[in-house]
Structures are given as structure tokens and as C-alpha cells.
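Two complexes come next, and they have one chain in common, chain A, joined by chain B in the first and chain C in the second.
Then we have the complex of A and B:
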């Protein structure tokens, strides 16, 4: 057989194998999500069927209708939860990004006493599992009257996110050559202007990706939120999912419908900044 | 246009002093090149003039004013960095106009100034591009353009050509020289390349270990180096240096039994028994019959050639004299085989004597 042909066949086979592997991996990642979406559109009978029904017989919006409906008909205060989630996630992300920029910039550009120790300390806080802190947190929040408030959760999420944003943003500012700010200063900028007009725009992709991570962390967080919120006034969407469980039954369809509502903003956000995110991740990934 | 004065300027990082009280007076429109080996404090000195580095002692004056504590933006200087430091998120045009925009100039003024600078540096067709889409030489020109749009009092260059290949470097060297003639501004230029220093400078300042070793016109430092360091640093190939001792009878005893007359211009300045260093350039040691006519005093020396480097119009010969390697130059070259013994003429009117202890010129 022609040696070129053999190589071509081998390359084709490898390509096919690659595709199959990729398909399997993607299926494993995506099927739970797709299952949730699917379930939100079909009757409970079908969801509970054993063996599982893969191809739906009937799709409808009943679960969504019920969810937005009155309290009696399985309705939950979706809009309120959504607003809570949005307020808490956006505020905590903004604060975490601001603190992260200040801290990351300081770590990247300045020398100060105890820099290494502080940095390691920050990282160590990430090593503590959040749930382990839930009881102490609960007590502190209860004493300070912050249980069941937006502010309480915002503080918790800022604390959770700040070490991470500092670390990430530090890496991005390290990539920005010092000379850029110096050139800007010579061109007439103050330090402050040099930062906002040159260094920040150059590192913007990195800051954006840190922002997405922080936002998604807050948006998806369940364990602490379930401890620290009680009422409609402050419950976030992940906590709201529990409204669908009652003493004896679980309303899977409704839960899935709410879950879909939760996924959508995260998806939109990720798509919007995807370009930045990828640029940011590789930009920081070269030397971190 | 302004004078720049450094008065006893020093710089320390913690306990480590890296620039030791240097004095330097730079005139209007003068092109001064700071040159020296890596780590000698050239960049530090330049950055202190720019205000990017605080000064530990002494005074920096630009024009009539002491600027020790002024931030860079108040010094009316511009600087070209080794890595260009172009703003990657702005187009070439925005890069060029940035300083004017910060200064609050109107868009019309900015456009006019940018167009003028772009024309001077042939950048007009690239104004819409981002720096990432430019070649090294073009980026270099943008960096220079950004410096000239503001018509600063002083230009500072920190090794602006060191990231370019040899050919482009030679080209940009000429452009910088032309630029200086066109815009008539005081320039302080840092390089560790002595060829750049020789070709560009009105005055060369040679630094070593945070001290100024010598300053003068390129010809002065080439023809009258103040010490052995300058002698070997300036000129290519580097000056040959041989240790020797002055004898009672007015001869100079080099190692390996080689003896020369102490050159006339130095007889009064040496004493018997003094340790000296004899320095001469390859251009002044030429094989008999392949040299320029020598008018004054000269010495004949026999030497074995160990290696030859043909350069076309001339050939560099490497040989051993008094136990040390020396280089000689052969004009109208003929092929030379390694190991060949030849007679050489040393032009004694052009040799240098340095004190063996202080390494300073005895001139």
C-alpha cells in the first residue's frame, strides 16, 4: 500500500477517535444540564418514569406557569429570588473586583513588608472549606443582626471572592510591563491617570475574567446562603430551589424550571464576555 | 531645548550605592551618549533625569530649575524605552497623540501634531494600526514619534536600538542622527554599544560601576583614553594592552624579552623602574610592506601569526607578543597562513602608556 495513503488513513482514524472521545466527554458534562432543561418542559409522570423516557412525548410550559402562579398552585416568589440573587451577586462582585484590583495591583507593583506572608495567608483562606465556617458565620451574623439580609450575604461573598480576585488580578498586572505606566507618566499622566488610562485597559480582560469567576461563585453558592437566609426577602435562587421540596414530595419539574432560570443569566454573561474570558485566561496563563 | 546638569548625583538602593556622585553638564541641543558595560548605572542615571527614580543625593537641573522632587510629567522631557512601551490598546495615532490629549489639547491640534510627527518618521500609513501589528523597526519609530510630538526640552533614550537586528540598527542610527538635526533638542542617549556611541554622540560619557570614567567628543575618547578601561571599551577591535617596566636606559621592557624605546612623548613622564601598560590599536601595528607610511618614530617587531581574519579590504591578524595576544591589521592583504612569522611596524607616535598601578594615562 502507498505509504502516503496509509498515513492519511491513520490520520483520519485518529481524528475520528478524537471526535468520539470528545463526544463522550461532552456528553458526560452536558447530559445532567440537558436533563434539567428537558425535565422543566415535561409532565411529572414522565420525569419519574422508570425506566427513564429519553425521547419526550409531550413538551409544555406547565412547570413555568405553576412557578409564576399563585402560592396555592405551587408558585414560588421567583422574581423576588431573582432580584435577591442579582443584587447580592452584582454588588459582591463589584466590591470583590475593586478590592481585588487594589490588592492585586499592590502585590504586582509594590514591595512592602510581609508581602509573601500576606499573600500566602490570603491563599490559605481558600483552603478552608466554606461549609466548615457556616456555624461560626451563623453565630456572628446572628449577633450582628445580619442574618436574612442582603448585606450579610454580600459580606460573606466578598470575603470568599477577594483572595481569588487578588490572586488572579495580581497575575494579570504582572503581565503589564512597568514601562507602560512609566511612559504614561512621562507623557503627562499622574499615577492615578496612568493606572486608569493605560494599565487598567491593558489588564481589562484579566479583570473581566476575575469578575466572571466572582459573579458565578456568588450566583451559584448554596451552602452558606441556605444557612444565612430565611425569608423571601433575602433568599437567593439556589436556596429558592428548596421551596419545591415539601415534607413528603419533591416537585422535580418545578425545581428544574427554576434551575433553568438560574442557568440563563450565567450563560448569557459567559457568552457576552467569552472573548475576554478566553483572552484573559490565556493572557494570564503564559506566566502566572 | 534646555541644559541638563547633574551635580554630585548619587543613587542608593538600601545600603547599596549604585551611582556615586556623578557630575555632568549637558548643553542646549547637545547629543550626549552614556555608554558603559551592563550594570554600570546608565539606566539609573537616565531614569533619575526622567524622574522615574528618586535621587539619593545631589541635584538634577533641567534648564535653570532644580527638579529633584518633580514628577516626570512636570519635567517636560520625553523618553524612549528599550522595549518601546507602546500602549497596546491604542492605535499608532492614539499612541502618538496621547500626551497631547492628556495635556488637554483640542482634537485639531492633536491631529495636526500627530500628522507632522508621522510624516517625519514615515508612519502615516500605519496610524490606524495597533502596535501589535507592527514590525520591530516600525514600533521603534512609533516610540520616537510619541517622544517628539510634544516638543520636549530633553529627549531621553534608553538603549532604543538593542532589540533590533544589526541591519535595522544601523539604519535607525542614521535616522536618529537625522532626527536630531531636524528637531534640535537636547538628547541623552544610553547604550552599551560603543559603535552607537561613537557614531551618534556629540559627547560620549563613559561610565563604570557608577562612576564617570571619561567624557569627551568621540575622537577625544578614541585618541586619548584616560585609562585602560576606556582604551579597551572604545574602539573595535579593543586596544592591545601589554604590561611592561621602564628601564634605566630609557627602554621599555615587555615580557618575553621584547624591548622597545619609550616613545618620545612619554620619556619625561616615566621614571626608571615604573610599571606601565603599553597600549596600541591594531591600526598602528601593521606588517612591513602592508602598512601606511609611518612618519615618526616606529619600532620593528617580529611576531608569529596564530590566526587571520580576512575582512576584505584588510585582514585582522592575531599573534602573541610578550606572552599576550595582540591584534594587528594588514592593509592590501595577501593570504597569510597560520604559524607564519612576520615583521611588524609599530607606530610609536600613536601608542599609549598607562600607569601600571592606577591604570591612568600618563599622557
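Then we have the complex of A and C:
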């Protein structure tokens, strides 16, 4: 066998091995999610069947119907949880963006003493484990009457999101050349005008993706919400998932249906911003 | 009287500082104080009794606490390393694909959208010994005819938890490392090829050093919320059965809310906070070092 042929075969084999590995990796990434989606359409009998039913005989919307059917028929007040989640996530995101924009701009444009230390300090507040923080927050909120309210959770989520939005927005403003704003100021803008008319439009996409990141964090948060909410009036969807579990049994089908409802908004939003998100994290970090 | 003029940067940072002090700093000071008292939720007057470092001594002499602490460090070390290696591998593989790369990248982000609670439930379902996907598959394919107790056996439960944790977070590493791969300049790679480097040498001496800052960004981001694993563990096993998968966080939650011993729980909470801060500062330091090495510092 001549050496060229051998080389070509080796290259082919290598290529094939790569494709197979990639295929397996992608399957592992996708199958758990698809399994949840599939089971949300299957009747409970089939989910619990032993031996397992691999090819679904019947797919229906029963779990979704039960979920929206309200309390009383084994239903969980999903719509209420959905609205709670929506109100809390959107409000806290808007506030976090405003606060984060001010902070991010300060880090990107001003030089001051102890900048690095303040930055790390802000980041560290994010590193405090949710459970550890939830204990004292629970005490404070119980005293101030903020427990089990939307406002209480909104304030907490703003604080949770601010460090990260500052990081992202800082990165985006850094990519806007300083000269742009300076030129605007020479042309007679105030610094405030220069910011809104020149710098903000350039960094807008980045700010939006920071917002979506903040939204997703609030949307998915569980450790704090599970302690700071008690009733259907303030429970968010991640906490609501637990309504499907009782002492000994779990309503898997219903839970899968709620899970699908939780993922859909997250899915759409993530796809919208994926490009900006990656750029923001890496530039903010590398060119720090 | 002239008005006190604060520097602009401070005014801009003020909202962030205020909200973070109100929600994080002040509660943490309160919890620091209460960790020196025998505070119980059910008896508010216990908040005013000072007992010194009793709670800390109790935690430090408690074998269960150290077991949970060790398990937490073990989980973090294994999970972060595996995530980094798998993420690197995945990014390198996807980088080589020439057709349909955008689609693959989108698929890769799939697990990032899942709430950790959801991941917990999802894998609780998949690893369920009776109706779970894994056991069903193993039994149907004839590899095993007994139900494997994935979430009951100590080692298997730890494995399942790490699997769930790795499943969610590998994509964070893969995505960021892929961004790094795109940013590598072509010239050094071509020069290496001309000089006759083997693929491994090229990777080891050119690609990897360029990727290091990206790897550390990913580690820094992950270290900011390593405690997210709490959600997964609490749902999958809640530290059980019989404390076999107890992590420091589930132990804090149980002591604080179920046993209502807030003071003691806060003392353990502080130890966990220092653990988190240690991880974060470590990775931010590494990030800075990697940046300066590439001449991007400043």
C-alpha cells in the first residue's frame, strides 16, 4: 500500500471518529430536554408503564389541559404563577438594566482610585450562595412585611442581577470608541446628551442582551424564591414546579408540561441574543 | 455654603452600591451577628442572647458538617474540571465542522436555558429507578435486569448529581472557548505549520495559551454561581438518602428552615460564603494573570 493512500485512509477515519463523537455529544445535550417535551404529551399510564413503551401509542394535550384547568382538579394555578414570574422578572430586569447601565458606564469611562477593588467587591456579592443569603433575607423580610410579595422578590432579583449587568454593560461601552462621545461634546452636546444620542445607540444591542440575561436569571431563580414566597400570589414558576410533587408520588406528566411552558420564553430570548451575549462576556473579560 | 460635589463616577455607582448593601451587605451583617446567638425562628427573643463562637465550634466539631464540606469541595472540583475539559473538547470539535456550524452552536446552548430546578427534576425523572429513561433503556437493551437505584446508592447518587451539573454547565465553557477559538490570529498557526509542528504541538504551544483567558473567563463566571448546584441537589436528593449526598448548602437549608436553628445555620452559611469567595477571587486572579500574559491587561 502506498503512503498516500494510507494517509488518506487515516484522515478519513479521523474525520469519521470526530463526527461520531460530535454526534454522541450532541445527543447527550439534546435527549434529556426532548425526553421532557415528549413526556408532557404522553398519558400518565404510558409514562409509568412497565415494561416501558418506547413508541408512543397516544399523544394528547391532557397535561396542558389539567394545568390550565385551575385548582381543584389536580390542577396547579399555572396562569397565576406565570403572571407572577412575568411581573417579577420584567420589573426587576428593567431596574437592573438602569442601575447596571449607570454602573457599567462608570467603570468603562471614568478612571478612579480602587476601581479594580470595587469591581471585584461588586462581583463578590453575586458569589454569595443563595441559601446562605436567604436565611438573613428571610428574617429581614419577615420583619418588614415584604415576605410573600412581588416587591420583595423584585428588590432581591435586582440586587442579584446588578453585578452581572455591570460586567456585561461595562464590556459593551468599552467597545464604543471614546472619541465618538468627545466629538459629540465638541459639537455642543452635554455629556448627558452625548450619552443618549451617541454612545447608547451604539451599545444598545449589548445592553439588550444584558437585559435578557438578567431576565433569564430572574425567570429561573429558585433558591431564594422558594423561601421568600409562600402563597400562590407571589410564587414563581420554578417554585410552582414543586406543586407537582407530593409525599410519595410525583405527577411527572404535569411537571413536564409546566417545564415546557418555562422553557419556551427562555428559548426564544436566548436565541435572540446569543451572539451579543458571547461578545459581551468575552470582550468585557479579556480587554478588562 | 458650597454644595458638596461628589465625583461623577461615584454618583453613577451609587444606585448599585445602595441596592447591593440593602439586599446583600446588611442581611449578611445581620447573619454574621446572629451566627453568634442561639437564634431560633420560633423564639425571637433568642436573637439578643450572645453566645460567642459556640455555633462555629459546634459546626467545626460536627463530623457531618465536615463530610458535607468535603463533599462540596469534591463536587466543585470534579464538576468544574470535567466541565472545562468537555467544554474544550466540544468547542474544538465544533470548530472543525465546516457545515451547519451555526445550528450546532445553537443546539449547544440548549442546556443553558434550563432553570437549575428544572434540571434537577429532569434528571430526577431520568435517573428514576422505576420509570426513568436510563433504567428503561438499560433494561430494554438487556444490560441489566434489576432496577439500578441511581439516586439511592451513595456513589451513584453523587455520580447522577455531577452528571446533571456537568450537563447544564458544559455548554457555558464550550460557547466561551469557541468564541476564543474564533479570535485566534491565523499567522502563528500558519507559521507553526510551516515550521513543521505536529498538530499536538500547535495545540499545546499556540492554541491553548491563546484560549487560557477565555477558559478563565468561563471559570470566573461559573465560580460566581457555583452554589446554583444547590437547586439541583435539593430537588434530586435533598442531601439524602441518610445524608449520603449532603452538601454544605443543603445542610444550611435544612438546619435553618426545617430545624429553625437560624443562628447555627448562619454560622455554617458564613463558612460556605468564604468557600465561594475563595473560588471567585482565585479565578479572577487567574483571569488577570492570563490577560497580562497576552498583553491585554490594563
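Throughout what follows, the second predicted complex is superposed on the first by the 243 of 288 C-alpha atoms of A that agree within 3 Å, B and C clash if a C-alpha of one lies under 4 Å from a C-alpha of the other, contacts with A are read in each partner's own complex, and residues count from 1 in each chain.
Just so we're on the same page, contacts are C-beta pairs under 8 Å (C-beta built on N, C-alpha and C of every residue); 3 or more make two chains touch, one makes a residue touch a chain.
All values reported here derive from a predicted model rather than from experimental measurement.
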*asked:* In the superposed model built on chain A, check whether chain B and chain C fit or clash.
replied: fit
*Is A:177 contacted by the first partner chain B, the second partner chain C, both or neither?*
first
_Tell me which touches more residues of chain A here: chain C or chain B._
C
*asked:* With both complexes overlaid on chain A, does A:201 touch chain B (first), chain C (second), both or neither?
replied: first
*Could you look at A:24 and tell me whether it touches chain B, chain C, both or neither (first, second, both, neither)?*
neither
*Please work out whether A:16 is in contact with chain B alone, chain C alone, both, or neither, and reply first, second, both or neither.*
neither
*How wide is the angle at chain A between chain B and chain C, using CA centres, rounded to the nearest 10°?*
90
_One more residue to check, A:193. First (chain B), second (chain C), both or neither?_
first
*Report for A:127: first if it touches chain B alone, second if chain C alone, otherwise both or neither.*
second
*asked:* To be precise, I mean the smallest distance between any C-alpha of chain B and any C-alpha of chain C in the superposed model; what is it in Å?
replied: 16
*Quick one: which bits of chain C touch chain A in the complex? Just the residue numbers, please.*
7-10, 12-13, 15-16, 19-20, 22-28, 30-31, 34, 41, 86, 89-90, 93-94, 96-97, 104-118, 121-126, 130-131, 133, 136, 139-140, 167, 171, 175-176, 179-180, 183, 213-214, 217, 220-221, 223-228, 230-231, 234, 249-250, 252-253, 256-257, 262, 265-266, 269-270, 272-273, 276-277, 279-281, 284, 287-288, 291, 294, 296-297
*How about chain A: which of its residues touch chain C in the complex?*
18, 21-22, 25-26, 28-33, 35-36, 39, 47-52, 54, 98-100, 102-103, 105-106, 110, 112, 118, 120, 122-140, 155-156, 158-160, 162-164, 166, 216, 219-223, 227, 238, 241, 250, 252, 255-256, 259, 262-263, 266-267, 270-271, 274, 278-279, 281-282, 285-288
*Footprint of chain A on chain B - complex, ascending*: 50, 52, 71-73, 77-79, 81, 83, 85, 87-89, 98-99, 102-103, 146, 150
*Along chain A, where are the residues that touch chain B in the complex?*
177, 179-180, 182-190, 193, 197-198, 201-202, 204
